[in-house]
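Letters A, B and C mark the chains as written, and numbering starts fresh at 1 in each.
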Amino acid sequence: MNNKIWMALIMVLAFARPMLAQNAVTLLNVSYDPTRELYQDYNEAFAKYWKAKTGQAVTIQQSHGGSSKQARAVIDGLEADVVTLALAYDIDAIAAQAKLLPTNWQSRLPNNSSPYTSTIIFLVRKGNPKGIKDWDDLIRPGVAVITPNPKTSGGARWNYLGAWGYALKKSGGDESKARDFITKLYKNVPVLDSGARGATTTFVERGMGDVLIAWENEVLLGAKDLGQDKFDIVVPSVSILCEPTVSVVDKVVDKKGTRKVAQAYLEYLYSPEGQEIAAKRYYRPRSEAVAKKYAKQFPNIKLFTLQEIVGDWQKTNKIHFADGGLFDQLYQPGR
Amino acid sequence: MARTITLRTTSRSAATSVAQGATLESPWVRWTLTSIAIVFLGLFLFMPLAVVFVSAFGKGIAAYFASFREPDALAAIRLTLLAAGIAVPMNLVFGVAAAWAIAKFEFIGKSLLITLIDLPFSVSPVVSGLVYVLIFGLQGLLGPWLRAHDIKIIFAVPGIVLATIFVTFPFVARELIPLIQAQGNDEEEAALTLGASGWQTFFRVTLPNVKWGLVYGVIICNARAMGEFGAVSVVSGHIRGLTNTMPLHIEILYNEYQFVPAFAVASLLALLALLTLVVKSVVEWKSQQDLKEPEEDWSVEPA
Amino acid sequence: MAITLKKRSILPGFGLTLGFTLSYLALIVLIPLSATFLKASTVTWTRFWQTISDPRAVASYRISFGASLIAALINLVFGLLVAWVLVRYTFPGKRLVDSLVDLPFALPTAVAGIALTTIYSSHGWVGRYLEPLGIKAAYSPLGIVIALTFIGLPFVVRTVQPVLEDLDKDVEEAASSLGANRLQIFTRVILPAILPAALTGFTMAFARAVGEYGSVVFISGNMPMRTEITPLLIITKLDQYDYAGATAIAVVMLVASFTLLLAINLLQKWSSRGQRGESREEAVIAGNPLEPSFVQ
């Protein structure tokens, strides 16, 4: 009887050993939900590039989920070589909580470690029956808005901050007006999904709500996949510049000896090839040249940055999303 | 005494033949009650089962089978089989040992022990996952030590196996304890007096008597092991093709609007559930067959 | 031996099996669970109290326990009905129905979750008929009740069924000959006999529902204060890097589990005492492995 247990234990331990062959190298990229298609393409391209350059075969494993859920997994010991998350705050958390990377990680790569950007736009039902044109229309009574929970979803935080920024700009910086706007907006939210993917499913497949606030890349990609005959894209007058960030996880790559390839993996994102793949998957590229080439597919919106409306992510989180923060105060569920 | 047994083993026909007049309602009451019961079960049991298969085949048979050619789906199936393949035998060994100790001996604290064995049933799967994070996570009690020694527990296969063992912990034991208890000690004591060794007694006398209960315990344990979601979700890390089990893979597919593949994988688990119920029915039937003989012996005793 | 035997037995293997049982139990269940309490004890009492009495946490208890209670009540009523129909009546397909009752035990919760959501969402098989009536099933507290009803469905049926089968019809006939009508017989004779079993099943369904996660997350919509169940709140707290908060709520859930388990044990004792003198012992000897001793 004991043999069985030992066999099982040995099997378990065998699997527990890191899967490292000598010549080949494996990277784990822990990312957020909507980047699945992007990194599917990118991983293939990078593996080809790396093989040609160094002769080493590289396999990249992917993990996707809500951005902060993913960060938490890394904090708890998920051995990510690189993290590519929806917002800097989540990578900050890894630095602060688990000390797996230095707190100045954002200065290590160009553009604040944000190789591609996106923004927040709307998706409405075909023909736009509720006549939604801008942020203001979202707080009209009788308009059901689908957006995920900003406490758990990175995308939802950008949605929230887009609305906040809009209200702030419109009122000339009057915070009480902005609070009022947010209160009304979230009164119109019938379902608060925990992640961006869930919210899109709710809107697209479950047919709930009149308007979905979502990532531009998600909406543009979705419009192609989900059938253009069912939805229209609405571009608001202004929106927020979303900067998803990437970083090497120092303690992990040093332990696994993968720093070189992990570093190259992220740097290649800034290369013309990397930028082009991002653009093809509807992320706004940082490279001027690539941006010009793909300019047609991105709607023209005036974008404001997080810095302009609140400050850095630490401050933003403290004011808006921490327990007892503004969102908790303003969100009154139910209608 | 005999009557009860007859009733139980052949209850399906007996119940109706005995029921008359005073013990039976008027036809329309019967009809109404039966209809309500069927509608209720229809809404809550048959429909969910049906919707899984209808959605899985929603885009044709080709699309259905294409779902299983995905390497990630295959990896999820493999991992699920592995996790169940380790968790079930371990809980089987535990179940047999626990049942032997509890059913064959009297000792202080026995009922407390039984209660503790039941504990994983009533603990929320999320909490079961959380406890492993609190212990083996990098921020947990053993996390730093494990990392220093390069042993991965959570976000790797061992964590998934551990969580699976936890949630399916009591099944075999719970199934065997009342059975072995009911068998009494006489046969074993006779075997021992006749010179059999302990192991011989167990394998030749005890085990054959409870084999059907054992089979059932194992398959229900297996169904639960393969289907566990909450606890495994907390400790998995969701690495595609590596630490996603079938239920987790279903969630991912579902959240990516890939409904056909999601329901296709779900249909495998639903088939497993149905198979479990079939085995249960066979076990039921077999054990009734085994009971047929003693029934005759007992029927001469006064009721 | 540290543990004194109450009764001498010539059977071997007591030390081995009990030793193994205890170490396995400690390793898999007890030590991990006590780690939770250990972690919780690192938090100050005020902070702990603040976390567990936070309005959002309290709302989640209300939803979890409230929905579980409603679901368990539904299962109590319909479970009795189903058990009654399965034991007393015949109809085509009865065997099939009887074996399918156990489906919620065997069907993975995630599968149940996506299936129920598909049925009860506004485009679903049932949801589309509820929508015009102004009833929103999926993504509302009602959705949670639906999922929890599914999860707990077999408990009452399977605890009541054997008792009902063992019930002696002579008593009913006697009552009838003394002039009692069918309703009186049911409330005065049958109900008291099956009540302990029914309550056991009810409590089991309730306990199972309180901790349920997999099927609920798909159908509930997960709105804080409104459809956020307690297990989800634990996950949410974790995702906000609030380990202490998650642990504190987990402790509340664990205490609830212990209490419910205790209640189930007491009910089961009561239930088996209620049947002694009838035929409980024989029922066990009949060795029916099919009665769900596996239910909790």
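Definition applied: a contact is a pair of C-beta atoms (placed from the backbone, for glycine too) under 8 Å apart; a residue touches a chain by one contact, two chains touch by 3 or more.
Keep in mind that what you see is a predicted model, and the values were worked out from it rather than measured.
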- Task: Using mean Cα positions as chain centres, tell me which chain lies farthest from chain B.
- Result: A
- Query: Between A-C and A-B, which chain pair is linked by more C-beta pairs in contact?
  - Reply: A-B
- Query: Once you find the CA centre of chain B and the CA centre of chain C, what distance in Å lies between them?
  - Reply: 15
- Item | Between chain B and chain A, distance of the C-alpha-averaged centres to the nearest whole Å | 39
- Task: Mark out which residues of chain B touch at least two other chains, giving numbers and ranges.
- Result: 93, 133, 139-140, 254
- List, in ascending order, every residue of chain A touching at least 2 other chains. 75, 97, 198
- Message: I need the residues of chain C touching at least two other chains; which ones are they?
- Response: 232, 238
- Task: Mind listing the chain C positions that touch chain B in their complex?
- Result: 3-7, 9-14, 16-18, 20-22, 24-25, 28-30, 32-33, 35-36, 38-39, 78, 81-82, 84-91, 94-95, 97, 99-112, 114-116, 118-119, 124-126, 146, 149-150, 153, 162, 165-166, 169, 172-173, 175-177, 182, 185, 207-208, 210-214, 218, 230-232, 234-235, 238, 243, 246-247, 250, 253-254, 257-258, 260-262, 264-265, 279, 282-290, 293-294, 296
- Taking the complex as given, what residues does chain C use to touch chain A? 54, 56, 117, 121-123, 138-139, 217, 221-226, 232, 236, 238-242, 245
- Which residues, counting only chain A, touch chain B once they are in their complex? 1, 4-5, 8, 11-13, 15-18, 28, 33, 36, 61-65, 70, 73, 75-79, 97-98, 195, 197-198, 200-201, 204-205, 225-226, 255
- For chain A, which residues are in contact with chain C within the complex? 66, 68-69, 71-72, 75, 93, 97, 149, 151-152, 190-194, 198, 202, 206-208, 323, 328, 331-334
- Which positions of chain B touch chain A when the two form their complex? 86, 89-90, 93, 133, 136-140, 143, 146-147, 150-158, 161, 237-242, 252, 254-257, 259
